[in-house]
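By written order: A, B, C and D. Residues from 1 in each chain.
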Amino acid sequence: MTRVAIIGGAGYTAVELIRILLRHPGAEIVAISDIQENRPHVASIHPSLTGRLDLCLEKLTPAEVAARAECAFCCLPHGVSASLAPQLLDAGVRVVDFSADYRLDSSEGFAAWYNQKHPDPGRLGKVPYGLPELFREQIRPVPLVANPGCYPTSAILPLAPLLKAGLIEPVDIIVDSKSGVTGAGRTPTLLSHYPECNESLCAYNLGRHRHTPEIAQYLGWAAGAKAEVLFTPHLVPMDRGILTTAYSRPRGSVTEQQVLETLGDFYANEPFVRVVERLPATKDSATTNFCDITARMVGGKVITISCIDNLIKGASGAAVQNFNLMFGHPETTALG
Amino acid sequence: MTRVAIIGGAGYTAVELIRILLRHPGAEIVAISDIQENRPHVASIHPSLTGRLDLCLEKLTPAEVAARAECAFCCLPHGVSASLAPQLLDAGVRVVDFSADYRLDSSEGFAAWYNQKHPDPGRLGKVPYGLPELFREQIRPVPLVANPGCYPTSAILPLAPLLKAGLIEPVDIIVDSKSGVTGAGRTPTLLSHYPECNESLCAYNLGRHRHTPEIAQYLGWAAGAKAEVLFTPHLVPMDRGILTTAYSRPRGSVTEQQVLETLGDFYANEPFVRVVERLPATKDSATTNFCDITARMVGGKVITISCIDNLIKGASGAAVQNFNLMFGHPETTALG
Amino acid sequence: MTRVAIIGGAGYTAVELIRILLRHPGAEIVAISDIQENRPHVASIHPSLTGRLDLCLEKLTPAEVAARAECAFCCLPHGVSASLAPQLLDAGVRVVDFSADYRLDSSEGFAAWYNQKHPDPGRLGKVPYGLPELFREQIRPVPLVANPGCYPTSAILPLAPLLKAGLIEPVDIIVDSKSGVTGAGRTPTLLSHYPECNESLCAYNLGRHRHTPEIAQYLGWAAGAKAEVLFTPHLVPMDRGILTTAYSRPRGSVTEQQVLETLGDFYANEPFVRVVERLPATKDSATTNFCDITARMVGGKVITISCIDNLIKGASGAAVQNFNLMFGHPETTALG
Amino acid sequence: MTRVAIIGGAGYTAVELIRILLRHPGAEIVAISDIQENRPHVASIHPSLTGRLDLCLEKLTPAEVAARAECAFCCLPHGVSASLAPQLLDAGVRVVDFSADYRLDSSEGFAAWYNQKHPDPGRLGKVPYGLPELFREQIRPVPLVANPGCYPTSAILPLAPLLKAGLIEPVDIIVDSKSGVTGAGRTPTLLSHYPECNESLCAYNLGRHRHTPEIAQYLGWAAGAKAEVLFTPHLVPMDRGILTTAYSRPRGSVTEQQVLETLGDFYANEPFVRVVERLPATKDSATTNFCDITARMVGGKVITISCIDNLIKGASGAAVQNFNLMFGHPETTALG
């Protein structure tokens, strides 16, 4: 039984994580840390957990976390996470970090996109990116894993195998993504106010969404070359799900069949990637840890369509998948 | 051409009102007052108005409003409205008040339900309630009209004719209402945060919603006796629309046919009440000033079902209907 | 390992049932029967099951089902189920029946509400009603269980304990229920066509919904007297969830505290009923087997509010709970 | 007063058209033709029209239509329209055709994309395309106008001015469009069944949507050269609205400012195109005849974002705009 703590327990990724861990026969939630002063019961913040988990949200020091838990899931804002994680690691706690803090290789890149100095630059470039489909063996032994962003997961999984196989060019890649509103978090804002975003669709953060460098970095890794990616996120009136339509240029005379087979072969043994012939809908993978992928060749472009649940494969499900790898549990535990 | 000002221009009732008035051949919007310091353009607050209305939201004194406008629509919170309206009235501006401030007859009732002393108690009981279907002639000549609440409109229109005709008892009335989320206003809160209220349904303010005394007062007026009403509001994942299912006890041997005929006769000449045989859906009256009503006799109870658009017949459409009466425009102008 | 078959595999309750059973360590799905001729793969009907269950929908005789399975979940229309179930039972298969066929005690009641002669009248009144909270011990040993309707579950769970305790009268009960659209099934109709029911709310089947006699029968059972129930279903623009607001008359001087305590005591040891102080939202119990209940005393009435996921506690989750009882699995297996 | 008939009155474009025409002081709806045998009242098909229009849906011959109306709006499926329109024209009725029948220049193109022989090939290439922003003067005098498709309107309006100005290349254009579900029509299908498409997002008809050649033809017209367009439609869980994100390659050293100014200048005097700086949401133009457009230069691509209401500017509003031009009514009548 692995004892786990959740650091930052008030958000949507935290409650989703708790729901998954409650089904996990090898994990026990022993603490939920949060900045709230009044020690609210977890069920008063997340009513769906009533009667399922009897813990309060506490302000805990890293030492207090370490006294109880072997693993900490850090559901914290960027910047905050990299200030805390080193202390947890020093105290012997292994960490799955939901923030973007350890995803980029360089502190310059981080500073440029996040407008702040990185609190822990020495670790950058050494923390495995928590996509087991690409970095499974690197994830198993380490004390710290950088859990991927939701959009990047939806973009990297379809494109990386094609770049690795040399079927598409690493430049001129357009990633047109559409996400449900839980991706915007649990803090009420006008953008996510029901009468504003219901029955409406918009693009946002055009050309400056912070998932852009993360996508580019790992597509570049797959290509073995610098990747150029144009990323356009859209907000869709639904709770969960990301659908990513990616357009790329085939290298030479590539067929649709080749693209589908390359994807199918690459993920043949993966438990959570389904390469399908039909055009997937986000609902097919909603509330699951699956990523559904298909591809078409149209008008001289390779189009990939990929769907995930942004809170599960895009966040908390991936985190548990990483946790399973790190602590020797069967990889699919609690994710079926 | 009647010159009108909108006092409190940042909310949903204001933008809906503006959209209606832009279609009104006899009204000109000359000012929009608001507490915002920076004089934002109305289109920066309400993007749908881009290119349609070239005004800024200004902080205006009652005298400044009076210098420009003959009529003010006050879209203000309760308490605030009754502090400002007297000054507007003194300055010669006629007022359609969206707040609850002048709807109740007694300052004791107001204090009990709104937890504050009424700022203008002398007018209470003398301001006509802006339901033209019941108080048309009283509305025409006055300087100040109390525009009804959205839930009360949906409850009073089906029940008042039955009480007037003595077909139902004024006690033991259950008003089970279901409203879209625009009814909660434009200020972001957790209750109206998209991922909280989307795909969810809840009751709220059970036994203490402030529309309760307003419903009771006008049902009592219709019955000529004290009315006892149990009011249960629910929040429904949709933008607009209220459906009210009301249960009442028939007085003696009343038939469904009688109930439907009484309603049909009462509203035979009303431009905005449609007594229908089918069970109406809120979508039938969405974006219109109609109230759709039907009735059934089931299990010894009279059930009425009524639907309105909460922002139109429940607020801004009713306000323009009252404005039309007050200023001698054809009653249906801009509301067709 | 219990071998189970699903009879009628194309609908929403079937796919929900399959998802639950795939997490069940003691159940193996060995067959899915359906009337489709072309033996479609289950994933071609239910894309969410891609890669999770490798079975085709087959036309199977009762004998063929019996050759493979110990238990059959019958997800069939009323009338059809009671024609097939006897053959399955004769062949030694135990049956959880999702239809209404075995829920009513009398063939006259069935004929009156379902407009057809009951195919298997001899069993009526002898089949336990699959609400473990009320009939746990009766369910364990039997070959056939009548899985409850979704609305009845949401109405009976809050009201039965109050009737049993004599806190409310069995007459004059109003059950105002609001359901998500999955309750209407998977066959496209205008009522469930997205542009018709999205952003809309309506009542339907007023006074003639077939769940009415089922609610009345079990409330009568709880009261030890004939119960009179007025049932009003509404269709809400969301996928899942039922919220039932029930109004009843207290017997004597009952307090809100008494009502809440009676409910709390009755369900103190139940794994899937949560008596809460807050007003529950359907989202709190969505995708779970929980029923959330609260109560208020307002205007001389007892109001209970109860929420379930119509596809889980209202159908497939309850079915697995019954299956667990019948086959000796821990009652909460696969339902956590 | 222009007497108008609606041919094909049961769909969503028809009811939207009727709502608009009811506000039109210069148009009178004199007939609604449909294939239904039983002459249903229009309000029995479209409940929102109760009390607003007292007509039945009749089976009418072209001669019967001509005896009553000067103008016919044909809301018919492709193929059917081009069989009927010639007879209406011969009988002296001017026609606004909602179908795709007269949009393409060549019968070969029509046959290739619509899998049928064109019924009236002689007119192809001579019927003006009903985008007043591009073809206003051609539309005024003619007896027949081809009302544009919804997706094409959303794609052509932002791109045509840039192609005309030579700011972007006519090749390598990607049009990634997202539409609400009313675009799928009023006939219930599994794709538009509420529980299937609610809370879900999917791409459909990849590479084979019939609006592709229409977009290409008019972008080619604007460019004065063959245009190559990749068109990807997506279905979004909302009633109305299309957001089109188009990616194109700048020709030479073009700046974002230049692109925005070119669009702004081109549409400076257009009543229904708003070039905005903010990223528009579909809700800004919902229920209006506006098209909102903005542009960004990101990663070496010109990105245009454009929003329309698919039923209004994408269908019935555009039709009335064309009607206004054809019959000499002020162009914005009933569309404000």
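The definition used in the following text is that a contact is a pair of C-beta atoms (placed from the backbone, for glycine too) under 8 Å apart; a residue touches a chain by one contact, two chains touch by 3 or more.
This one's a predicted model, so the numbers in the text were calculated from it and none came from an experiment.
Looking at A-D and B-D, the interface holding more C-beta pairs in contact is that of A-D. Chain centres here are means of the Cα atoms, and by that rule the chain farthest away from subunit D is C. Annotation: 46 Å between the Cα-based centres of subunit A and subunit B. Taking each chain's centre as the mean of its C-alpha atoms, subunit A lies 39 Å from subunit D.
A straight line joining the Cα centres of subunit B and subunit D is 36 Å long.
Contact of a single residue of subunit B with at least two other chains is seen at positions 198-199, 237-239, 280-281, 283, 286.
Put simply, subunit C touches subunit B in their complex at residues 174, 176, 178, 180, 196, 198-204, 206-207, 228-230, 232, 234, 236-241, 243, 245, 247, 279-283, 286, 296, 298-301, 303, 305, 307.
Of all the residues in subunit B, the ones that touch subunit A in their complex are 12, 181-182, 184, 186, 188-190, 192-195, 197-199, 237-239. Of all residues in subunit A, those touching subunit C in their complex are 22-23, 47-48, 50-51, 199, 274, 276, 278, 280-281, 283-288, 290, 292, 336.
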